[in-house]
Each structure stands twice: as C-alpha cells, then as structure tokens.
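The following pair of complexes shares a single chain, chain A, combined with chain B in the former and chain C in the latter.
Moving on, here comes the complex of A and B:
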C-alpha cells in the first residue's frame, strides 16, 4: 500500500469515527424505538414468551404466600403510581392473583396518593373479573391512601383503625368484617409492599419489620432502580424480593405454572411481565452495543490524538 | 418566638416518638404525635397547593418565559380540584344514600377516575418510558472506559445488562455445572447480592449514623438550621 493510499484510508476512517461520534441522538432514539417495538409486535402476534428460571429471591416470594393457611390476612401496600406501573403492575397483578387463588384475605393500603387508584384497578382486573366469589369487606378491602409516610407506618404498629379510619368506599373500619380482629400491623402474618421509591419497602423494613420481624413476614416488589438498596435486607428482613420486570417475570411464571389448567390458555393480563422480557432483551443488547461502539470511537480517537 | 415554639414542638415530639419505642408507658404519647403528624401531613397538601398556585400566578403576571405552561398547570390543578371536591359523577355511599357526598372518589365511572385512567396514567407512563431513549443516548456518549474504575463499572454493567435477560442464558448457558457460577445470570445475582449488598450496607450504616447524630443535635436544640431564617 502506498503512503498516499494509507493516508486516504486513515482520513476516511477518522471521518467515519467523527461522524459516528457526532451522530444525531435522534438516530439513537430511532434505534431504541425499533429495538423495543419489534419484540412487542412479535410477541403480540405469536404470543410466545421467553422461558424464565426463577431465582431464589423470586421463589421465596412465591413460597411465603403459598405456605400461608387459607383465610390468612395479608396486608398489601401499593406504594407506587401509574408512572411506574409499566414495571410494577405485572407483579402486583400476579401477587394479588396468587393471594386470591389461595383464598387469603387481602387488605389493600396506599402510602402514595395515586396508589389507591392503582390498587382499585388491580382489584377490578384480578378479583372482580376472575374471582367474583370474593366479597368486598369479607375477603378483601381497599383502605385507600393515607398521608403521612413513615408516621402512618408508626401508627400501624399500635392502632390500625387510627391509621386508616375508613376504607376507600367511606365505610368505617370498625364496621368492616375482614378487619374485625385487626388491632395492629402485627395481626397480619404477611406484609407485601410494591414500591417505586419513598415511602416504600425500605421504610416498611425500618419502621415496621424491624419491630415485628418475629411476628410478620415481609415480601417486596420494587423497580430496578431501587432493587440495589433492598438487596441488603434479603433474606433476613425481606423474606422474598421481586426486582424490576425480571423478578416479576420469574414470579409470574411460577404463579402461572401453579394455577395452570390443562387446555386453558393463560390470559394475556397474566403474562405481562414475561411479554416485557422480550423488548427488555433487545433493548439491553442495543445498550451493550451502543456502549461498545462508543468506546471503540473513544479509543480510536484517543489513538489518533483527537480525544 | 417564630423559632422557639417550633423548636420545642420538635424536641417534645421527637423525644416522645423516640421514648415510645423503648418505654411502654410512652407509647400513647408517641401514638398521639404520630396522629398529629398525619394531620400536619394532610395540611401540608393545602400549603403545597397554595405554593403551586402562588408560584405560577406570579410567573403569569410577570409573563416569564414559559408562562403558557403555567396556564396549563393552573387550569389542570383547578379542574381536578373542582372535580375532586364536588365529587362529580359519584353516587352516594349505599350505607348513607341520603348523603350526596358520601361516595368515594375512587368509584368507577366518576369524573376523577376518568381523569386518572385517561390522563394521569398515559401521561406519567409516557414520561417514564422516555427514560429508555435518553439512557441509550447517554450510554453511547458518556459510558467510556477512561480509567480502572470506569472499566470495572463497564464490566459490571455488561454482566447485569446481559444477566438480567435471556441473552445471559444463550451466551453462557452451555457452561458445565462446575463452572455454573460463571454463567451471566448467576454472575449478575452474585454482583447484586455480594458487591452491591456490601457497598450498600456500608453506605446505609454511614447514613444511619449521620441521621442519628443530626437527630440528636435537633432534639437537644443544638442544630437549628432546619428552622430557616427569621426572628428568634
């Protein structure tokens, strides 16, 4: 190769790297759009999902609910709003479904202003649609939202009715049959928190579980961002943990398997987490690819003294 | 007075809450303060609403940049407040059929539930979904292996990104059993449960000590910075 040719190749490579380095970010947005929409369409058309191998943390959530005797009381706290529903709703749906199928009595509460509506939506989608025999007030109740964050948790330790004086329908707590024997949080053998931040699972551990670790078990579902902060509590304070959509998919596959009826296809609403693993796979691969390309450009420019 | 009264409220309330965890006799005092805190938290919503209205009305009157958005904010706020307070489209509670406003705002078919389902849910979900696009762009431009720490961070990111999807199984699922610990899905769990847990515990213990120290300083009236400025 002559010196002229080499210089030409070098210059063309440099311009290539420079062009890539200065690529309009809208091209990256387009790539991400294609990476996410492709699998969504494919899964929507074929109905196929990727196989899941449940991890210890997800298995523990399933077992904690599964081992409870029928009619046990479960306190479920919806500590998130619609912004995080994409990540948390599939696990909330599966958690409520497993509780309903096990004939557990569910008490829903919310420490986030819009959590009550999310709980109501879940009650509609799971309990009213698929478990119509369960009666509001006897088998489940939505206590709605209560302001005060940790103060509500502290109050729950001593007086449930003071923390939640009435349910979301306006019925006084003292008149609700399911809460007849409930005086305080420790009357619930299991607490489930589905949280997207503050207040959420971490505060439940600090204010309630630390006081009642021997009396009640605690399982949590959380967003990917908050999962690293909750892992230090697993498995001592948090008996089971569902981290982001991956944890939800693992748990969902276990619940579906346990409730499978021969010849009856699982309803799409109970496959939401597993369906979202497809777009997540391609999106993660794209991210890895982008990081690699970005670093190749970085080192190439550095080698040429441009970086 | 503006500083002394709030300081004493904080001191008495703080001690009552603290002692209620250790002394059964103080439990009722702690409960009372927790109850009061809930009432104060509810009042804070009114203050927050007032502050929001004041800020945007000022912006409007000064015709600051983006004042058009203030009209949308204030309009949405007032419409939602109006619908929520008047309980539009809500039937009375069956237990109290004579009381027109006894129904719940959560009731299906109400105007508030319509706002929730068709406005709040899609708007907030859209905002959250946009994150994926910006994270991808940031990963391309900023995630560089500039030094040892960055290389470690990159390696960890690859393990977790691939290990949390089926890609981990495809890439390393064929590893024999004796090397199963090196499979990406197991490595990602290892990273989360060992390195992450160790690091987070260290941070949490540090924060807890800091919170305890600051709490004691406030309880003993040494730290008064939380009271802000003003006359003593």
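Moving on, here comes the complex of A and C:
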C-alpha cells in the first residue's frame, strides 16, 4: 500500500468516525423501532418463536406450583396495572393457566387499584374461556383491590377477612365457600405475586414471608426494572422468580410443554412472551452494536486528542 | 413555513396516505365488533333459596343459554336475596355486549348477511383509534417536541390526577372512613354491599378522623404546627413497621443466606459425588462470599483504602459495576418489552397487518 493510499484510508476512516460521532440520535430511535417492529412483523406472519431454555429461577416457579396437591389454596396478588401489562401479563396468564390446569383453588387479590381489573381480565381469558368447569366462589375468587399497601399485608398475617371483607362482586368473605377455612395468610401454602413496583414482591418478602417463611412458599414475577432488587431473595425467601419478559418466556414454554396435547397446537394467546423474545433479541443485538461503536469512537477520539 | 413544520406536514401526509391505502386493501383496519346477549333473570322465592343455601351456598347463577337469550334462574345465597328490595318472582332483563374477534363477525355475515347479533361497536372502535393516536403522539416526541405530544402528555397527567382522586375517595374515604363512622348511611346511599364495621374499628376511625383534620390544619392561616402531630404519628408508625421488617428480611435473612460453605460436594441419586456440579457450586459460593466482603470493604470508610482493604475495595468496584450493568440490561429488556407491546398493538389491533392470535383469519 503506498503512502498516498494509507493517508487516504486514514482520512476516510476519520471522516467516518466524525460522522458517527455527530450522528443525530433520531437515527438511533429509528433503528430501534425497526429492530423491534421487524421481528414482530416476521413472527406475526410466520407464527414462529425462538426456543427457550428455562433457567433455575423459572424452573423453581414451575416446580413450586407443580408439586402442590390438587385443590390446594393459592393466593395470587396482582400488583400491577395496564402500564406494565406488556411485560407482566404473559407471565400472569401462564401462572393462572398452570394453577387452573393443576386444579388449584385460586384467590386473587390486588394491592394496586387497577390490579383487580387486570386479574378479572386474566380470569376471563384463561379460566372462563378455557376452564369453564371451574366455578367462581368454589374454585376461584377475585377479592378485588384493597387500599393500604403494607397495612393490608400486615392484616393478612392475622385476619384475612378483615383485610378483604368482601370479594369484587360484593359477596361477604364469610359467605364464599373457597375461603371457608381461611383465617390468615399462612393458610395458603403458596403465595404468588406479580408486581411492577411498590407495593409488590419486595414488600411481600419483608412483611409476610419473613414472618411465615417456614409455613408458606413464595414465588414472584416482576418487571425488568425491579428484578435486580429481588434476585438477592432467591432462593431462600423467594422460592422461584420470573424476571422480566425473559423469565416469562422461559416459564411460558415450560407450562406449554407440560400441557401439550399431541396434534393440538398451543393457543396463540399462550405464546405472548415467547413472541416478544424476537424483538428482544434483535433490539439487544442493536444495543450491543451501538455500545461497541460508541466505545470505538470514544477511544479513537481519546487517542486523537492525545496525539 | 419553517423547515420543521414542512417536515411534519410531509410525515403527516405520507402517514395518512398509507393509512388510507391500508384501509382499502384486504379486510381494512381498526374495527371492533361486539356480540349482543339478552339476559333475563327471575328472582326465585327467597324461602326456597334459603333452604337450598343451607346445604351449599353459592353466589353464582345457573344459566341456561339459548341462541341469543340467556335465561338465568338465580340460585343466589340467602344474604344476597334478603339484601335486595326486589320481590320474589321479579323478572329483570338487560343486554350484555361482549367484544368478539372480527372472524366471528365475518362468519356470522356469511351465514346471514342481515344478522344484527354481532355488530360494529362505534364507541370501542373510536377508543381503539384514540389509543393508536395517543401512542403515536407520545412516540412523536422522539422526533421533536410538538403539539400532539403536549396534548397526550397533558391528558395523561389530568386523567391520572383525577383517577387517583376518585380511587382515594371511593376506595379509601367512603368504605374505610365514612363506612366506619356512618355505616347505615353509606350502605343505604352508595355501597349496599358494605360490611358493618366492629365497634373497635369505629373507635379507631374516630381517632383517624381527628388525625386527618389535624393534618389539614396546615391549610389554615394559623396553627399550622398542629399538622406536625399527625405527621409524627405517621413517621413513628412507618419507622416501627419498616425497621422490624428490614432487620428480619434484609439484614438477618440476607446475612444468613451469605454464610455458605466455600467447598460444596454435590451428590447424585446414586450417592456418588458429581465433580462437575460440585466445582460450579463451589465457584458460585466463593464468588458470592467474595462479592459481599469486597463490596462491604468498598463502603467501609473508617480505614484508608490501601493494601489488602484497597485491593478488596477495587474488586468491590468491579462487582458493583457488573451489578449496575445487569440492572441496566434488565431495564433495557423491560423497556423493549413495553415498546414491543405497543408496536404489536399498532400492527395487530389497529392496522391489522399481523394476526398472531388468529382473530381475523389472515
């Protein structure tokens, strides 16, 4: 390579660095939109999803529910609202589906105002549509929203009926057959919390599980933002944990596999989380690429500055 | 006209043209259908229900469904019957509207083009288009600040404030405060299903009401210091609750979870040691214990960070950086999941470009 060519190459590389250094951030937004929308369109048209290898925390959630005898009571707390449904609804759907398929008795509660409506929608989508034999009041009940955050949790430790005096239909707790033998939270062998923040899984650990660790097990599903705060509690205080959409996809694949019937395709509504892993993959690759490019530009500028 | 205004105009025109084109291709876009169900309920004789409820109480109604009419012979619980003012044998009718997938509408139209059971729901369709419009309005901020974004932002703030006000009134003040102090009035006027409070609960609510009034005293021109008392009460109770729970769950339990053996022997079903699993379990425990000690060393400022302490603190920084990186990764994952959900809504529910749930038979 001649000296002239070498200089030209250097100059052209420098101009590329300068262009990348000054790139309008809106191009990055556009790239991210394409990285997310491309796989959604592809998966939406082909119906194909990526394979999932469940991790220890997701397997633990599945096993905790799977090992319960039929008709066991499960307390499910919907501590999120539609703003986080994109992340949490797929795992909520799969959790309720596994409980319904195992013939567990489900008691839904909500510590977020809109959690009750989200729980009702999940009941409609999973239980009423696919498990119509389950009867409200006998096999499941939605106790609705109760204001008070930690105070409700503390009250659950001693008196369930005081914390939730009636269900979402207005029926008194004392008249609901499924709650006939329930006096306090420790009567539930398993507590499931699906949470998007405060109050949520962390508070359940602090106020209920720390008091009942030997009497009831606890599994949680949470948003990506709150997952790093909850991992330290796994596996001693939280027996199983679904962290963000990845945890939901792993768990969803396990539930689908366990309920698979030969020759019958899984209903598309039970593939939400796995569908969303496609955009995750491409968007993460883009993020990694951008971070590498950003670092290359940073060090190149630093070296040029030093020279 | 500024360059930015021209750009907005071009983007808007292209978008509307694409939307019109999409509307004329295939099945069109963005419509919501509902199915009408006529429900008729006849209240049974209260005495008969009471005797039936003695055996098994059930709040659900047993329904016999015909093509479009559901006749419900209510088998309600005794409290439900006695709490209503309607006489036995009263018949009530109403219509229920349930959202159905477009595929059902297409099938119903094919079978009978004059059918009126499944129809287009204008309110829900307008709601869908508003949801799409506001999603795009919020996204438009990524290009530049604009009036559409301002409208959407203001609406979110306004609706949220009003919503929390309503929730606070109907879910806290009415059932917990007014319901405890004047249960008869609340039950007869606004909440027939209110459970009568116990005497102790009523007394405690008087105390809460006094604290509430004291808290609001700060709005008056004189005696603002009175609000410091309820504030002190709240701080005291919260601190008491939190200290106990944090010590139990975050200090004691976490410290116990960190005390792990550094050399682990994992045995399989036959009782033989699995060297590979033992190695990784040991590495995991060593990394965990080292991480805790080094991070504590980093935050230990009573000794200068030199020598062994300095080295441990530097390792602690690495652990912290990896933790921050993992937290950032999780945050990115969460945000992309939310973006994917919105994009899926736009492509599926609104534009009908994809049909992952097989609702339109694309």
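Methods note: the second predicted complex is superposed on the first by the 290 of 307 C-alpha atoms of A that agree within 3 Å, B and C clash if a C-alpha of one lies under 4 Å from a C-alpha of the other, contacts with A are read in each partner's own complex, and residues count from 1 in each chain.
Quick note on the criterion: a residue touches a chain if its C-beta (ideal position, glycine included) is under 8 Å from a C-beta of that chain, and two chains touch if they have at least 3 such contacts.
Predicted model, so just to flag it, every value in this text is computed and none were measured.
Colleague: Should the superposition on chain A be reported as showing a clash between chain B and chain C, or a fit?
Modeller: Taken together on chain A, chain C would clash with chain B, as the superposition shows.
Colleague: Check the residue A:236 against both partner chains and state whether it touches chain B (first), chain C (second), both, or neither.
Modeller: A:236: touches chain C, not chain B.
Colleague: Is A:136 contacted by the first partner chain B, the second partner chain C, both or neither?
Modeller: second
Colleague: Could you tell me if A:285 is touching chain B, chain C, both of them or neither one (first, second, both, neither)?
Modeller: In the superposition, A:285 touches chain B alone.
Colleague: Once the structures are superposed on A, label A:205 by its partner contacts, choosing first (chain B), second (chain C), both or neither.
Modeller: Second partner only, chain C.
Colleague: Kindly classify A:47 by the partners it touches after superposition: chain B alone (first), chain C alone (second), both, or neither?
Modeller: second
Colleague: Is A:37 touching anything from chain B or chain C once the two structures are fitted on A? First, second, both or neither.
Modeller: Second partner only, chain C.
Colleague: On the A-aligned overlay, A:269 touches which partner chain: chain B = first, chain C = second, or both, or neither?
Modeller: Once the two structures are laid over each other on A, A:269 reaches chain C alone.
Colleague: Return first, second, both or neither, reflecting whether A:170 touches chain B, chain C, both chains, or no partner chain.
Modeller: Both partners, chain B and chain C.
Colleague: Answer with first, second, both or neither: which of chain B and chain C does A:259 touch in the superposed model?
Modeller: So A:259 meets neither chain B nor chain C here.
Colleague: Jot down the residues of chain A that show up as touching in both complexes, chain B in one and chain C in the other.
Modeller: 29, 32-33, 36, 84-86, 147, 154, 169-171, 211, 227-228, 232, 243-244, 246, 280, 283-284, 287
Colleague: Which stretch or stretches of chain A touch chain B in the complex?
Modeller: Touching chain B from chain A are residues 25, 28-29, 31-33, 36, 50-51, 53, 55-56, 81-86, 114, 116-117, 120-121, 124, 142, 144, 146-149, 151-152, 154-155, 158-159, 162-163, 168-171, 211, 227-229, 231-232, 234, 243-244, 246, 277, 280-281, 283-288, 290-291, 293-295, 298-299.
Colleague: Residue numbers of chain A touching chain C in their complex, please.
Modeller: That would be residues 26, 29, 32-33, 36-37, 40-41, 43-45, 47, 84-87, 113, 135-138, 145, 147, 150, 154, 165-166, 169-172, 175-177, 205-207, 209-211, 213, 223-225, 227-228, 232-233, 236-237, 243-246, 268-269, 271, 275-276, 279-280, 283-284, 287 of chain A.
Colleague: Which residues of chain B touch chain A in their complex?
Modeller: 17, 21, 27, 30-31, 34-35, 37-38, 41-42, 44-45, 93, 95-96, 102-104, 106-108, 113, 116-117, 120-121, 124-125, 127-129, 132-133, 135-137, 139-141, 143-146, 154, 157-158, 161-162, 164-167, 169, 185, 189, 192-193, 196-197, 200-201, 204
Colleague: Which of the residues in chain C come into contact with chain A in the complex?
Modeller: 56-60, 77, 79-80, 142-143, 163, 167-168, 171-172, 176, 192-193, 195, 241, 245-246, 248-250, 253-254, 256-257, 323, 326-327, 330-344, 347-348, 353-358
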